[in-house]
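We call the chains A, B, C and D, going by the order they appear; numbering starts again at 1 in every chain.
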Amino acid sequence: MKLGFSPEDELFRQECADWLGGQMAGEFRDIRGVTKLTGSPERRKEWEQQLAAHGWSCIGWPSQWGGRDATLAQQVIFAEEYARAGVPGRVNHIGIELAGPTILTFGTREQKQRFLPGIAAGKTIFCQGFSEPNAGSDLASVRTKARLEGDQWIVNGQKIWTSLAHISDWIFVVTRTEEGSQGPRGLTFLMMPIDQPGIDIRGIRQINGDAEFNETFFTDARCPADSLIGAVGDGWRIAMGLLAFERGVSTLGQQMGFRNELDEIIAAARSNGAARDPLIRQRLAKAEIGLRLMRYGALRMLSQTDHARIDGAALTYKIQWASWRRNLGELAMDVLGQEGEISDHRDYEWDTLPNLFLFSRSDTIYGGTNQIQRNLIAERGLGMPREPRGSV
Amino acid sequence: MKLGFSPEDELFRQECADWLGGQMAGEFRDIRGVTKLTGSPERRKEWEQQLAAHGWSCIGWPSQWGGRDATLAQQVIFAEEYARAGVPGRVNHIGIELAGPTILTFGTREQKQRFLPGIAAGKTIFCQGFSEPNAGSDLASVRTKARLEGDQWIVNGQKIWTSLAHISDWIFVVTRTEEGSQGPRGLTFLMMPIDQPGIDIRGIRQINGDAEFNETFFTDARCPADSLIGAVGDGWRIAMGLLAFERGVSTLGQQMGFRNELDEIIAAARSNGAARDPLIRQRLAKAEIGLRLMRYGALRMLSQTDHARIDGAALTYKIQWASWRRNLGELAMDVLGQEGEISDHRDYEWDTLPNLFLFSRSDTIYGGTNQIQRNLIAERGLGMPREPRGSV
Amino acid sequence: MEFAFTDEQQMIAETARAFFAEHATSERTRRAMAGEGIDLALWRAFCRELALSGIGIPESAEGAGLGLVELAIVAEAAGAQVAALPMLGSLALAGQAIAAGGSEAQRTQWVPPLIAGDRIAGYFHDDRMLASGGRLTGGSRFVAHGAIADLFVVTDMRQMWMVRADAPGVTVTAQTSMDQTRPFAHVMLENAPGEILPDPGAALGAAQRAAFIVVAAEALGGAQACLDRTVAYAKERIQFGRPIGSFQAYKHRLADMMIEIEQARSAVYWAACAVDEGAGEADMAVHAAKSFAADTFFRCAGDMIQLHGGIGFTWEHDAHLFFKRARSLQTMLGSGNWHREKIAAMILGEAA
Amino acid sequence: MEFAFTDEQQMIAETARAFFAEHATSERTRRAMAGEGIDLALWRAFCRELALSGIGIPESAEGAGLGLVELAIVAEAAGAQVAALPMLGSLALAGQAIAAGGSEAQRTQWVPPLIAGDRIAGYFHDDRMLASGGRLTGGSRFVAHGAIADLFVVTDMRQMWMVRADAPGVTVTAQTSMDQTRPFAHVMLENAPGEILPDPGAALGAAQRAAFIVVAAEALGGAQACLDRTVAYAKERIQFGRPIGSFQAYKHRLADMMIEIEQARSAVYWAACAVDEGAGEADMAVHAAKSFAADTFFRCAGDMIQLHGGIGFTWEHDAHLFFKRARSLQTMLGSGNWHREKIAAMILGEAA
């Protein structure tokens, strides 16, 4: 058990910091500090390509496919330095962290050759089509249908919460390909080009006034048969495999974003005197502890990837960060007081902390609600009986 | 809507206070302030009879049966003054508040004549036999069996958590009289004399070192056929009716006990400096608010007895006080610090506040766990679907 | 001792509930949110047709009589619909202050038009206000519905004045506010003329007590609405082949909402009753009601979002109106911690 | 960077777990509770046969080497059985203090017998201890396992001394203690002879760090045991015709226990690792571990009682052993709030 990094790792850290810092001070200084998912989309696509051009796009991938075969420690370091430099989140997060690894694991040789170079180069932006209006937390209730006509799948239905669909090139969707099938059976995993007449994307305005999420409508949309991953009817297995990738190194980058939010709250508390309130002090200390424990939980999780088993740290991670961040939003507002309830922006647009307060209400819902997470923990982690499905 | 009491009520209050105060300063001063359920049983039986001799034993009962036809306001006042005077809890609480009203509501004329005078006179002490080892929160799972032989019911089985069984004269039990019946059907409500060879009582030692509760074993125990309340198979309905009496005026007396506990914590906090800690101050304020809201919740509940409907205040009362008191136990210990973890008594016996901390862990369990309470609230109060019974 | 509504109170409750449920619709409230945060037609209808706007102000002070219990009943009904109305600032704060602490002339001049909805008043305090020769310099950035007010009642917590919105030296700027149904304005006074109220103690006491109770009652109504709407959703929404309300974790969360709401209900009417009866515990009661009910509302509104899943955090769904109102009620007129510290001081003495 | 047990650490964990699970049985622990709160035979077996008692004390100081990670592993295993052993006082506090701050002679004289279980030491602090001419006057009523100690290591938080239990002026009185597996004694020094440790700073630092980590690790082991035992019960106990573990509310409560325990696990080993590696964040880590793990244990032990229903609050069931140990770990060596205030001071500066 070892927390420290080797001297080589520290050199690598310096290299990351230098390059990222240079970019954020130079050519890409205009996007430094952008935190909104929807901010500056075109420049951030260019940033994806800049990363790729300098070999930083997907360092954990095999070098054969544009990666660097980076060690775990290196990936951790890169994620930390990326966030520390104030670089905005990756618009191709889904491509690099989910679609790519899924294709690497389940795709054919031909699919790897077709998709991976574009993703690695920052030219193929992916988004994710899992949730549906009536299958919010319940992938097995998917109703979007696909049927094969010649060498094309014809897709009809609707997905929801498809973040960044409006700037993406491809979407992967879980579809029901077996007529009349129910639950996890009869599902198929398709990769579909977005720019086609059968796909219509509409933004969903959230309670913070912004629209990070979309609804995506499929009306006789087309998917080439060779963009099916795995086999027909294999969609559940692929989707479950993909969800496991969500617990990768990118969690550490996410945490650095949390760090910035907490630091901003600490600064506000020091400046407005809330830092003298013993109740606020306790809550800030708890937030600090919670964030540290997320980091060490993530490192435990990552240190065990070899072992193939999903252990406690991994199972509990989603609900941990989601609840932590929702509490952080409330703490931010309690530190700000009524100041947090007014905005200098005209159009119901909010500074970082009030926006955190509003947006974080979604953290405990999307990607599996806290309730679903607790079911999973009890059932998979503790061997409790599964919730029965109803027949309504 | 009116909280104040009339001048006549205030006169009645004075009368209560004078008589109770006089007793506690005089003949019964030795039991003043006894808080343990198990303390001074013989003297407290004498106290029951003293109450009866002066017409204070069951003031809410009809005057025909030894009561005073007291108004709600008078009952509230008596309960408050009773506790304020430091009088210990009634050892015949179950007789006065549950068995008596049950007989009044469901008993025959003959049963009323047989039982009520003894209860009212403080000479017939009752205890309650509902819970069983495998039916903790689930009355419908009762397994204790009764079969009729001639003019006697023969009872076999086991009840648990029968408080004060060891000093009681009678026990009322819910038994299964229909062979092979399941759930709420086939249950019958019996009143049984305790002093007989077929009934064996053993104390259960709790985590506070004391033994307020008992196990009661029935081995061919006998119950005269005319001590059956209602009809054979009617036990569920009677038991449910009885549980409604639990939300009577005696809750206010219980609250006065809570008041004394909270006051003791407040005094400890003032004396040891914990009262300067802003975190403790918040928690004490919350405890104070919670206690006040219990009082006004109880008054709402009582003010609506005419209306027959069980409203929100009544449904939520049990979990409210149980959770409040468990939290109070933790607050008491946090106020006391490590002092609360040592005792001057030799035999693992505790002063009021540490005892509160330990004993109150049972408050959220007996009489329907917090989980069962939440089921009831959601199902009866909000119309949610019932939990399915299993078939294991 | 009868802690239940009288028949008359029951009738007021039913009238008010029916009125707001019919008129304070989501559509109208959203129109108000896009504008100045007031549904002026609704406000006028409330004041003139419903004739409940003078409740809680004695008839001797040009009000409609009755007490804070009845005022709480009305505020609860308005809160249940997150109605975009200046009830808090114009009636509970300014109206109560003028009625309790104003001269007869001031009462006669201002109370009737406030009750009639012909005039709207805002209210704020500024501890550091400078007052000299009837001229005031100070301000606040958190004046609820201040941008549409004709009059401000202002206090430095010692004295109290009336300042006309169109007087020289008064600048009013609307603020983008999280709760768009009760937006704040920034009101600045720069040597502005103020008309002093002769009995500031009575004015301050009446305004605070009424406002704490109105905030608490609105919160109670809002919390109950969050529960009611979530209960309805729980019955109709199917997930995993079952109504989501059949899941025990969901049920228990609804039960927890109900447990808190029932306590909040006791708190609100305890406080209103205690003030109406002049009971010794009235001060504790209003602090308890404000803190408990507002915290309950916030919790229930957050739960409403959570229990609605994805749809719950969209702009389109009304959950966020409740959520933002709840947040606003929590912070305005003193946080929960502040109110609880007041109670702690009552039972423990002042903190060291 | 590899935040997982090495093979050697894994082996120590398995050895310690197996040892305590086999020997620190409920029956033996209850015998110890009825007596002086120590299972002396178990303690000697642990010290002599298992040979893990010197862990965390450098070989140069007569210890067995290895670090606080390994010490935490052992404490976690002991905590899982609520073992009635003087590990905290004798090894983590007194042993660490003498090893880090004692002279070579003191180390040689005391560390080996403590590790061997031939001698048992207690530890306490008294801010107001009077020290003059090698004579000490002061005391504490909360000396864990003090009634069976041969030696006390005592500090006024500036200096540190060793005091023999049989020295003149030393009075030791056993106290009836809520946690009977780690009973307190009242130790009074009245002009008692103390032998000063030459490096009190090192002694205090080592004792505090090790004790915070040992308390946290015991709490982690205890919390996990509460969860494990409740999970087993959930599978076998039938209510309403179903295993109670099939009720979603029950499942979610178990899940909540697991979520906290996994965080506590990260906290304990982060702290132990950080101290072993001399990391800059070690101070924050030990405060985080002590407060978080002890609070987690208390919550899990309370949940264990609740989820066992009636049987859970009987003397006969072991739940109360965990519950009382958990309470004791929460208060000893600083409450959760105290530790969090330390962390607040690190991130915010001292409170005003």
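By definition in this document, a residue touches a chain if its C-beta (ideal position, glycine included) is under 8 Å from a C-beta of that chain, and two chains touch if they have at least 3 such contacts.
This one's a predicted model, so the numbers in the text were calculated from it and none came from an experiment.
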Inset, instruction - Among all other chains, pick the one whose mean CA position is farthest from the mean CA position of chain C. - result: D
Inset, instruction - Determine which of the two chain pairs, B-D or A-D, is joined by the larger number of C-beta pairs in contact. - result: A-D
Inset, instruction - Averaging only over C-alpha atoms, locate the centres of chain C and chain D and give their separation in whole Å. - result: 52
Legend entry - Computed distance of Cα centres, chain C from chain A, in Å: 40
Inset, instruction - Note the residues in chain C that touch 2 or more other chains, in rising order. - result: 243, 246-252, 337
Inset, instruction - Send over the residues of chain A in touch with two or more other chains. - result: 278-279, 282, 371, 374, 387-388
Inset, instruction - Provide the residue numbers of chain B that touch chain D in the complex, in ascending order. - result: 131, 133-138, 140-141, 160-161, 204-207, 209, 279, 333-334, 337-338, 340-350, 354, 357-358, 361-362, 364-366, 369-371, 374, 387-392
Legend entry - Footprint of chain B on chain C - complex, ascending: 1-6, 9, 69, 227, 231, 234-235, 243, 245-246, 248, 250-252, 254-256, 258-259, 261-263, 265-267, 269-270, 273-274, 277, 279, 281, 284-285, 288, 291-292, 337, 340-341, 343-344, 347-349, 351-352
Legend entry - Sites on chain B touched by chain A in the complex: 277-279, 282, 388
Legend entry - chain D-facing residues of chain A, complex: 1-6, 9, 72-73, 76, 266, 269-270, 275-276, 278, 281-282, 284-286, 288-290, 292-293, 296-297, 299-300, 302-304, 312-313, 315-316, 319-320, 371, 373-375, 377-379, 381-385, 387
Legend entry - Footprint of chain D on chain C - complex, ascending: 247-249, 251-252
